[in-house]
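Please find the structures below.
The following pair of complexes shares a single chain, subunit A, combined with subunit B in the former and subunit C in the latter.
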Partner chain A sequence: MNRTTQRWIVGGIAIVISFVVFLVPFVFILLQAVKTAPDAGQLSFRWPQEWVFWDNLTTVLSTDDGLMGRAFWNSAVLTVGSVTIMVVLAAMVGYVLQRRPSRLNGVVSFFVLAGLIVPPAVVPTIWVLQKTHLFKSMSGMILIEATFGLSFCILLFRAFVATIPRDLDEAAVLDGAGPIRLFFSVVLPLLRPVVVTVIVVQSVTVFNDFAGPLYFLPGSDNATVQQTLYSFQSRTLSQYNLLFTDILLTTIPPLVLYVFFNRQIVAGMTSGAVKG
Partner chain B sequence: MSTQARSRSLMRGFYPSWFLAPAVILYVIFFAVPTLVSFYFSLTRWTLFDHEFIGLDNFVEFFQDPQLLKGFTNTVIYAFVTSAAKIVLGMSLGLLLTSSLIGRGYLRAVVFFPVLVSTIGIGLTFKSLLDPFHGIVNGALGAVGLPQPGWLTDPNLALLSVAAIDVWKGVGIATLIYIAGIVAIPEEYFEAARVDGASAWRIFWSITLPLSRPATTTVVILSLIGGLRSFDLIWATTGGGPGYSSDVIGSVIYKQYQAGFYGLSTAGNVVLFLVVTAFVLPVFAVLNRKQVDL
Partner chain C sequence: MRGVRSTLRACGFGVTIAVAGAALAACGSSDDSGAGGKTEISYLVVAREGSKAGAQAEIDAFEKANPDIIVKLDTFPEGADGDNLVKTKLSTGEMDEVFNYNAGALFRALQPDNQLTDLSGEAWAADLPDSYKKVVSTDKGMYGAPLGQSSGGGVLYNRKVYDQLKLSVPTTWSEFIANGQKIKAAEPDITPVLQAYGDAWTAQVPVLADFANVTKQDPAWAQGWTAGQKKFGQSPALTAFTHLEQLGKSGLVNKDYASMTNIQALKALADGKGAQYPMISDQLPTIAQDSPDAVDDIGFFALPADDAANTTATIWQPGGLYIPRSAEGDKLEAAKKFVAFVSSSEQGCQIQSDTGVAIGAFVSPVCKQPSDVSQAVKDVQKYLDDGQVAPALEFLSEVKGPNLDKITVQVGSGITSGAQGAKQYDDDARKQAQQLGLSGW
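This part shows the complex of A and B:
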């Protein structure tokens, strides 16, 4: 058997297996989302008897006085707010850590790693949020998500800052830039590739977070998309079509990001694979 | 002092320490303080407004109550099973997807995509797919005359079924990490080995496996941390059931919190903290210690 035939045979088998293993669940979601309630209730892989996707979509978006629409808005606010904060703050930390080696660096690195490894303590965090009057508030949730994402972002920024020549800093300083100008007008724009990576990866993480809002942002007014998804299943046992329409809707934002930012996502998620 | 060293020390003032301040403030208030006080509150009976010191009672209860203990052992099993499967499958898929075959780009994309999808959405989808009576998985098994187990409803099977879903969702990231690791191995090693007449098996054991060690380290650590901390997927598929057969520490923490046992819930958090550090730190030390020399 020569190499070309092997390429085709192995690839062909892999593609067939990938259809069954990885695509069937997504096709299943799509199928149930376009069916009527009794049809979807069969949970079968059959072709829809009737296509009612628009009905399902409008029903999902209007249930509970537009809870789903509000949930999408809440998720968007939470994602944009927390990702903005973590990008700016983590970039500042990664930059100073890389540019100015000091005895403190070891300590900071320790806490950065701890932030990646240690699971957040749930009830004590609620206690802190109550003391600071941020419990059940969107601003509190934004700060929590930003905090939980800091460590990952700092590691990425520190590694990337190392690739920017110091001569550039010195040239900017000779031209009269102060520390703030130096960072925000000279260095930060050069960090664009890693900023994009961090934004995309962390947006997906925050958007998909379930446990955070479950604990720290209870209440249906504040519900995020993941919350509505979970509460949907208990109330709509006979309406699988609506449940799967909802699942489909929450799958679209990550899919769109993946299509456009495939390279950045892969870079962000595999960082550390080569260096260790 | 060399000119370079002098210019560096002159530049120090342009990298001000206060750049760290905003991040440090967030970290301390919302992460370090809760983690520290959790050690104290885990020793109390706690209502958020009021607490009473009760020593190690919460921990005693944690390890005596069969339900809570089950959550502990399940967590360890779950983390081991998912990590092992992600290493083996991730490595295999990594090898496959770096070899020459058609549809490689498509395959990489399709293996990775589930990583980005909401865990709750995946959990609810698989709950339908694995439905014992109507689900298409059992439908397919029945059609070819195989037994149709209650994947998520059989107490002996539920935890492993959830672990399998976890692997399905997470193997893409392990695969990508292995692909990056394998691609980084210099091509000369493979050429030299082939010139010496090494078999494919020998090349894998003597070159690919040892040299993709940084990738293995990353996968082991990521999947151990993820596995030990798991909550979302279990909550969306079995809710810890049937009974408490698939409870993990993460779901125990939530259940005790819901029931208003804040001290006990926090003790669960402390146990989780100890388990995670007890597993991850040694792995970190061992895997990072010996870098392969060639």
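This part shows the complex of A and C:
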């Protein structure tokens, strides 16, 4: 067997595996989303007896006075807001941590790692939110999501800053750039690959978060898209057709994000990965 | 020196964040007080299509009758997430003024004495049957108003299959098995007994629904269980597990029992592909949704005991409406009015039966079941009228091992014997009882 055939076989197997792992579940979602409730309840791969996708879609969109639309808006605000905070703050912290070694570094790194390891406690967090009058408000939720994601982002940025030559900083300082100008005009643009990675990874995490908004942002006006899923499923009566239509709708934004930014994600992940 | 400077910088940074937070808080604050002198309360129900529509209809009617009160509907998910959410809301004082939650063991886990408002002084409370009061009370007070209907646990069966083969409803376990054998012999395509371990919780039903038969033989069994004296490893409760083992070994169960889901089993039962399914009658809405034409083909009988004299239907009580301690003043008054309206006014009852599918019998004496209910509901009602019922164990004791579903799946699949399963469950329950701090375990 020569090398080309071997490569073809390996490639073929890889394609088949990714097909099974990624496309089959997606096709399954699509199939259930076009069926009627009794048909979808069987959860089978059979061809739909009746195509009612449009009915399902309108039912899902009109449930609870158009909760779905509100939920999409809430999710968008939450995701954009918290990811912006994460990117800006984490880039700053990562930059300072890498560039300016001091005795505080150990302490800061400790807290960054603690942020990754220590699980968030729900009730005390709510107490803090109540004291600061941020409970049940979108701004409070944005800060919480930003806090949850910050540690991971700082680690990514810190590793990446190490790859930027110090000479660039020094040149900018010599040319008269102050610290703010130095960061925003010189360093941040160079961090682009890792910024894209952080945006994509954290957007998907925040967008997909179910438990966070459930506890910290109660109330049906504040529902995010993940919260709409449980409207269609319970122990006594399940409407799998509507559930899967809902899933289909919620899957679209992350999917689009991945399709467009696929290459940058991989580039950002690997460029910072091997340097400390 | 350098360290000091860094500290200062770090502080400045902290201040920046705090300011940003405050600014965000300022732009996101919302006004909570009711508009125009009206009292606003909120009502939390399980997020489920049926219950939401019903709750909204109740709210509309209530607001019409009480123009100075506004009720907002909120929802929470069913299952472990929902349980955590309810507990979180209660312990942070954020609970809605009225909320709907399970009665029995789950209700007791809410620490009702510290968290809920005592409703025993309300006008409707006096008329409630004792059997329901028990499941929403502690030693110190009565906290819940019934919402919905109690349902029967036993066996749902397809009456067409029974008529066709001229079978009669079994009153003993051996008759039940014999009926299964007859079905198997006469109609090889029909599954005599359906089991659906794709939803593991369904495997518990044969054990849980046998409990009324235990109570019949030993009325004080539940108290003994809570005190740690009675065990599933001993007679009479042991039969629940040995019967499940026999059922698994009998060859009467569908071949795909390990993967079939509850919905699939209900569909098979309605279609006549399965003859009997040990289940609780609160699943009837699924049959009404998926197989509307077959609703009247479904009947119900109690899970048979070894001795016909002991065969009794097990009753599941509906959840209750509760008011948290955090509701005060006008809001408390409005909440009490709303609870009374929904759970025990004629209009509230009417809405309950109009918006839901009947699954058993109403608890509140004010509520009357319409006459055109399905056959299974009539069958459940007959057991109630004859007094051949007893509550499920979860309404009599707070001890329920968390792994019963897994243990019953093992017994039903023939992985462990009934006696072993019963012993495992006793161990499982012991751990939970110790966590609850009960003596005697």
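Just so we're on the same page, the second predicted complex is superposed on the first by the 233 of 276 C-alpha atoms of A that agree within 3 Å, B and C clash if a C-alpha of one lies under 4 Å from a C-alpha of the other, contacts with A are read in each partner's own complex, and residues count from 1 in each chain.
Criterion: contacts are C-beta pairs under 8 Å (C-beta built on N, C-alpha and C of every residue); 3 or more make two chains touch, one makes a residue touch a chain.
Treat the numbers as computed from the prediction; the structure is a model and nothing was measured.
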Quick one: classify A:Leu156 as touching subunit B (first), subunit C (second), both or neither. neither
Applying the touch criterion given at the start, work out whether A:Arg103 contacts subunit B, subunit C, both or neither, answering first, second, both or neither. second
Thinking of the overlay built on chain A, is A:Gly219 touched by subunit B (first), by subunit C (second), by both, or by neither? second
After lining up the shared chain so the two structures overlap, which partner does A:Val60 touch, if you call subunit B first and subunit C second: first, second, both or neither? neither
After superposition on the shared chain, which partner residues are touched by A:Leu143: those of subunit B (first), subunit C (second), both, or neither? both
Of the two partners subunit B and subunit C, which one touches more residues belonging to subunit A? B
Quick one: is A:Ala37 in contact with subunit B, with subunit C, with both, or with neither? Answer first, second, both or neither. second
Let me test your reading of the model: by the given contact rule, A:Val87 touches which partner, first (subunit B), second (subunit C), both or neither? neither
Which of the two partners, first being subunit B and second being subunit C, lies in contact with A:Ala71: first, second, both, or neither? neither
Look at A:Ser231 in the shared chain and tell me whether it touches subunit B only, subunit C only, both, or neither; answer first, second, both or neither. second
Is there a shared patch on subunit A that both subunit B and subunit C touch, and which residues make it up? 42-43, 89, 100, 122-123, 126-127, 130, 132, 143, 210-211, 214-215, 230, 233, 240
Within their complex, subunit A touches subunit B through residues 3, 7-8, 10-12, 14-15, 18, 21-25, 28-29, 32, 42-45, 85, 89-90, 92-93, 95-97, 99-100, 108, 111, 115-128, 130, 132, 143-144, 146-148, 150, 154, 166, 169-170, 173, 178-179, 182-183, 204, 207-208, 210-211, 214-215, 225-226, 229-230, 233, 240, 243-244, 247, 250-251, 254-255, 257-258, 262, 265-266, 269-270, 272-276
Within their complex, state which residues of subunit B touch subunit A. 7-8, 11-17, 19-20, 22-23, 26-27, 29-35, 37-38, 41, 46, 48, 96, 99-104, 106-107, 109-122, 124-129, 131, 134-136, 139, 168, 173, 176-181, 184, 213-215, 217-218, 225, 228-229, 231-232, 235-236, 250, 253-254, 257, 262, 265-266, 269-270, 272-273, 276-277, 280, 288, 291
Looking at the complex, which residues from subunit C come into contact with subunit A? 2-3, 6-7, 10, 17, 21, 24-25, 27-30, 46-50, 52, 72-75, 77-79, 81, 84-85, 88-89, 91-94, 201, 261, 263-264, 267, 282-283, 285-286, 289-291
Mind listing the subunit A positions that touch subunit C in their complex? 37-38, 41-43, 64, 89, 100, 102-104, 122-123, 126-127, 130, 132-140, 142-143, 210-211, 214-215, 218-220, 230-240
